[in-house]
């Protein structure tokens, strides 16, 4: 399929490489052109101008945050120049507010829009092992299915409202934050009584908490990764998306509120660029460990 | 094995029945004698006096809380009348404070003491499907292994300090509370945006949160169980055990603190005798759902 | 003095009336012209176009929030058309972010800018009983002093950086929120034990908490006011300004975070348009009162 | 009046000295006899045995906490040996639970019991400047009024139920904790934006927060006192009394819950024996200050 691809950050690069490897044709754009160029060896066309990405069946946006979407996709006027047949497939994590706004923008001009945020880190993106949550009008969605199959080990259809996919992503990432915070507290508790966190982790992940999230973040909390692929600062961004969505829809989220402040403190104490699991270090400090 | 069994609440009854079925000999005592009598048909001896339970190789206590342990096991003088050869196996969830006190009491009189709290609801107890976390001096522990095998589908050895088993149980149950609270918040968030919590649950438990705790409590939150086997009030007790242990060992647990107050509010609003998952109902109310 | 006055909401109307009564000359603008017209009887000139307000010595802005400032003052281009001699005096409560942005905008064009948010409700505005916190370059500030004296019973000079006045206002209003929340909790606690909140309030405001904030909000909590002059929703906005400022400057504010969620819940349960003190009603509900 | 006085800690010593100075006759007991002896120079009788204190019109207990009351007053059997005519006046801060228990103990034996906890630090005790909150049956209370007048600059009558005085004290001290925590957060916020906390404090205590609690704790937060008279650890005890009372009466107190954990963290980081206001130091640390 001929695909426009906008946004080649850590996640975007991995996804673009995977799509090329799976035989798709890519016109890739990045704020820094040099990054797009690196994909040329793999067969992509590096776009100099944003508009070039619109000469495609589907345009994927994988921009860092709302501000980038605003600048690159909306304020640039790109969204309004999208040919009628093209599908905009937004796979980045945006706020609920932006998700609703994008849906409205496309609806107003009868454009095709699918939202499909992903779960997974850059490595999973590059190897087609993402989990994808997709929503959008049936026709548009049908166009994107081959891409979900190329990029994900699984994908979920949550209906026709694009923003529904985003709220699922936001709520799920909030749960990740809650796991990290509560695991950090539990680790500090057992450690201060003389039990190794690793042993505790082994017990809970052998029984009722036998989920990848506990296993991965528990392990990262005990042994920091050699390379950081998802920073604590990005974790804060995710928690704030939940709080903003809660504010906009009238849902109190006291756990999210608490976690946000823990992140701010962890950042103030120097853990912002560490892996998200470093929240556990801050929690240990608070316990005098 | 000849076993004294003290405390035939919902959990204790199931465990006692399982032990009988597995061929062990039981002298069972309960505060209300009639409950002990019901086990006679299954072959147990119903003890009229507490002391009768000491005529055994291992005495299991499965009392409701610290107050019951204090009254039945300590203030009654039973602990001091334990013959030298008998092993006290405490399988109930007590506070860290009580766990340390029991260990000290036994140590002072050179008694044999093993702590082995369990994960699981009454049904798991009756069918030998518990998860057991055990700790105690090697000799005493070795005596108890056949019982762990009869009662559990798995057991974990966390070393020679009995209280280590308790802190693992306390920290793990705090994590359960954190799962319920955060899941309740996430459910309210997606629901207010138009996504069915059941669909959200399906997605997260198919991916990074594919653990029994999420599956079970998520399901219970969506469809309350016909019969309540673990009440929200008991959940509060568990969260308070974590807070007390945190206080005693100097570990701040802001998430546990928040969750305790949510439980108090849920109880004040009438959910105390519902299943623990009913915390989600309270959270929905707070979101105006 | 000849004053441009932009923004005639509840507070702005009171302040404008007071300035007229104290002998100042006013060119008043409001989004809804009819509101400006009502001030004509008192001697003001009702401006049809925003630019008319710039024909003055000082232009006061008293706009509702950041969005209004953005639209009316910045996006309209007004700030860039300000004559060199005019002083912009912003007396509204804006975010720290907007406060810094306004300071930068003026600095870039060598404009005169003073920030002077006020404490007090509309009645205090109309009677010159506000408390004013002012900051800005010395020359510009000196021009505004007569206005502070007309409007306030007191004013505080917090230096040359305009945004310093805003952070003081934001931090102080957060403290108000903390007072309301904690007072609500304390009231529920004593009430459930049989002590009248009114008696409790009398005791604490006769002793260590003898401050207007406790007296006023305590009274409003016990007897809701006949007319609402500051809604719970506006209280939420103030708490969110603190959280945003905390996020921007790296200051964790766990109390503010908790209070925000309490406000969201109170709003979801129907108290949003009540007086800020109605937070106490929500807290009572949570205690089953 | 002839007074038995039990408990000569920092507060008790000051109160005992004041009573002697005001012409009362004292039989003073302390766990460490030497402390009671020091009062002999001022005219007190130092009791060797607890029972000696019962030879009085009123017996004041000023014991450190519930555990001390349990040991010295209840388990010792003293309460049961109180002559019919003697009034027990408990001026210490006990839990709601203990307050209710003491009331019941006296009621069961038709004894005279008044509860009258105090607000103020040791210096205020020694100079008769305490604030006293009293409750108890009318006759018994009437006996104590001269003592309230000797010790306090003010006293409040909150009715016939002794425990009502305690819940007022507990709720008020929780508010103190909330003031310290929120003030700490506000100080960190303004400081990070470049405003001196002292200036902020001056503004708020000149306006809506012009209460001794803000003035004193604000000052202590900026300039730690040369001598610590109320430690952060004691502050934690007070917050925990509120949480326990909330738990017992079904009142969620999310602010108290949050503050307790902040105290635990501050203690873990070494501030436990500093003045209560040192909570602000911990909060500053969390902001990277």
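Note that the chains take the letters A, B, C and D in the order they are written out, and that residue 1 is the start of every chain.
FYI, a residue touches a chain if its C-beta (ideal position, glycine included) is under 8 Å from a C-beta of that chain, and two chains touch if they have at least 3 such contacts.
As the structure is a prediction and not an experimental result, all values here were calculated from the model.
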Name whichever of A-C and A-D has more C-beta pairs touching across its two chains.
-> A-C
Tell me the angle, as a multiple of 5 degrees, of the rotation that maps subunit C onto subunit D over the C-alpha atoms.
-> 180
Go ahead and note the Å separation of the Cα centroids belonging to subunit A and subunit C.
-> 38
Centre distance in Å when subunit A and subunit D are each reduced to the mean of their C-alpha atoms = 52
Touching two or more other chains - residues of subunit D = 246, 250-254, 258, 262, 265, 268, 286-288
Assign the assembly's chain-to-chain touch graph to one of these shapes: line, ring, star, complete, other.
-> complete
Along subunit D, where are the residues that touch subunit B in the complex?
-> 240, 246-247, 250-254, 257-258, 260-262, 264-265, 267-268
Would you pull the subunit B residues touching subunit A in the complex into a rising list?
-> 96, 119, 131, 133, 154, 156, 158-159, 161, 163-164, 167-168, 170-172, 174-176, 178-179, 181-183, 185-186, 188-190, 192-195, 199-200, 202-204, 206-214, 216, 242, 245-246, 249-256, 258, 262, 286-288
Listed in rising order, subunit D residues that touch subunit A in their complex are 254, 258, 265, 268-270, 285-288
